[in-house]
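Chain nomenclature is as follows: A, B and C, assigned in order of appearance, with residue numbering initiated at 1 for each chain independently.
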């Protein structure tokens, strides 16, 4: 594969990302399954990079999962998003940074629709006023939180405690990325690197010493498909799509998967367990799985955060072999303890998947 | 006083020859070091498989006419008119050329396949364009990047045509027939290979085209799949994994290819926009030069004394280009005598 | 109002369908087309034909419920269509008319409405840890079972503000914000839309002689296993 060809495409898709003062929009899925990632993001931005991020307690879901499950109408989600714009405006911020890819896609889509159909923006302003007596300005800058980390990847590299390298061999870690579908597939110009060869995650991987590995099904959806996972009867769709990706990436022997979408991170982690229970198949070496990291976790590991403080014990696929490879000093005994150092039991072991 | 022709491809050469034969003096301007334009990238022509080089030799011989003055490696940089309407063109070497009429025969360039990012041209090793395949035919050598004879080859139609995503809404007309011709040539070189054309509509409008399509199926065992390529990726062996829908079956299809050929469409020639602005012409919706009337004024522009021929006004195959050049010569003769 | 007239008023339809030339780039990369007997190209083509009988049949069928709204189709369409967006318009129309209860996959809207509607309006989130019950989510695995059982400890360890007011991960959304959210649903027709799903679904439950809870479980879990099978293309 010709890297120069990709670099040309990356040059064609650059986007403006504000360099400070972000209004943070939390993610329902990320905070439930990767709470440590959201904390790490805010801590890195605030304490390592000296940026101002406003974490607003009044912020709610954007209702995006309801919208893409077709139980929340478009008028409603537009007004909920408009309320977030109003909260941002009232707090004196102009740059909004959703943590969720579904939200990012929805914010992008709504701003696009308002541009194409200004009457919809007017209608939304009326709805918001009627419902909350609030008014809003549209954000000057909309970026996904992975865009922000991408923007500061070199600043993070300058402070790194660990590299994405195998300390035993000195070789770069082989990293496959998975970009959430709603990051750039709907609006390619809104994603770093565009829709076909997005550079938002591979740029971080390269900056932190790893090697980004392409694989044939890289662009394919993880299989969330909203109703296709949320309804139990449909989950075969979801697992089948993830399986297709695992089979495609396995021959490249990746050291880990990194994603920028909270849902994808969860599915790519959990479905490896499900597939192992269903068929006895595992995708990592020696019966282990392929660890899955959020980009916040990847950044936090590089910066030397404690793995359990950022929630790596919450992953079903064990990340311990990866920590060993990177030469990270950590306390394996502390993995399943609470904040006071007390034992709180430990997860049972899967039938086939080694942890 | 002469007729000035910009571009010495097939259209420019043919028009120059016809005008010279009818007694006009011609200033023929070509930016490259040799005549022929895009014809220089072709091996055999459809539908009769004549050598492109033979046609070029004939064109070259024709313009060796005492009334034709060929300016190679020259580009027009400025345009003006005298009070009596005489056209003045300044070339990049400082030469000043005057004429009673100007014919634009600047032609086309092939679509830059990098722009269809999802096809991986310039990124995946075994993705080539139809132009590159012609060059391979000239050299009688078809190999993959790993030096093997390809076992399965896919020819992808409509690359750079009929596509809103890259702002090319029009049909380039010649890609379907080029694909059929190239598939047959590939078959002759690689009797064992599986050769597939992925098309949306087979637009075999020219004389002998439909017959060639039929022959490709009946005699050359070329497979035709009705589906537009959605994306390609590369596997560890540098093969292409492609995804299309076989729309006649109504099922998604995933397939591995050793070599993928992109049938690149036609775009306005490089410098087309500058030329339009310099000559104060109008741009057609497809980006080419607007003609004054789609039926009765196909060689006329909106400027008196400025004419257009060949692919400067829209995609055309070679047969139509040469016919159009003769039509332009007649139109200009009539103008000069009126 | 005819189906096509109602579709033409839908912003998703307006934004998603120009005209289709049946090239198949959408189907080629559609995750649902690979798994189900589903073809987004045919959806676009059926809709552009504007035949009322076919449209009604489509709105009553399982077909429109297979799409996962990943929108991979939007990236590729050479005519600038978004079959996934057409699907959103069709699903809305099917629910407005009550036709979603005619198909197994359509009936699942009841389960989705109950789960997501409750979460959004009661907690201010689409998903919260409390509702990811391990018995309903065996795929979540054994680590999740452990997290779920010790969720207060695990979330505390990872700096969450679980169940508490103020800022931070998993904070409790305050009553004023929740009320604003509910008010938005009232004003924009979101509540009315969900009420429609509820009403049509309970009517169907009654027809089938099921109490709401059993009907909910049926819509959540039933799979007749025929969704990947060959049917007629139109």
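Note that in this section a contact is a pair of C-beta atoms (placed from the backbone, for glycine too) under 8 Å apart; a residue touches a chain by one contact, two chains touch by 3 or more.
Every value quoted in this text rests on a predicted model; they were computed, and no experiment measured them.
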| item | value |
| --- | --- |
| Chain nearest the overall Cα centroid | A |
| Remotest chain, subunit C as reference, centres from CA atoms | B |
| A-C or A-B - the one linked by more C-beta pairs in contact | A-C |
| Distance from subunit C to subunit B - Cα centre to Cα centre, in angstrom | 48 |
| For subunit A paired with subunit B, centre-to-centre distance based on mean C-alpha positions, whole Å | 46 |
| Computed distance of Cα centres, subunit C from subunit A, in Å | 22 |
| Multi-partner residues of subunit B (each touching 2 or more other chains) | 118, 231 |
| Contacts with 2+ other chains: residues of subunit A | 195-196, 219 |
| Residues within subunit C bordering two or more other chains | 29, 34, 75 |
| Parts of subunit B lying in touch with subunit C, wherever the complex brings them together | 118, 158, 162-165, 200, 226-231, 243-247, 250-253 |
| Subunit B contact footprint on subunit A (complex, rising order) | 1-2, 4-6, 8-9, 194-197, 214-219, 251-252 |
| Residue ranges of subunit A in contact with subunit C within the complex | 26, 28-29, 31-32, 35-36, 38-39, 55-61, 63-66, 68-76, 78-80, 83, 105, 113, 116-117, 120, 127-128, 130-132, 181-182, 185-186, 188, 195-196, 219-221, 223-228, 230-237, 239-241, 244, 270-271, 273-274, 308-311, 313-316, 336-339, 344-350 |
| Complex contacts: residues of subunit C adjacent to subunit B | 21-30, 33-34, 39, 41-42, 75-80, 233 |
| Of all residues in subunit B, those that touch subunit A in their complex | 114, 117-118, 120-125, 231, 233-236, 241 |
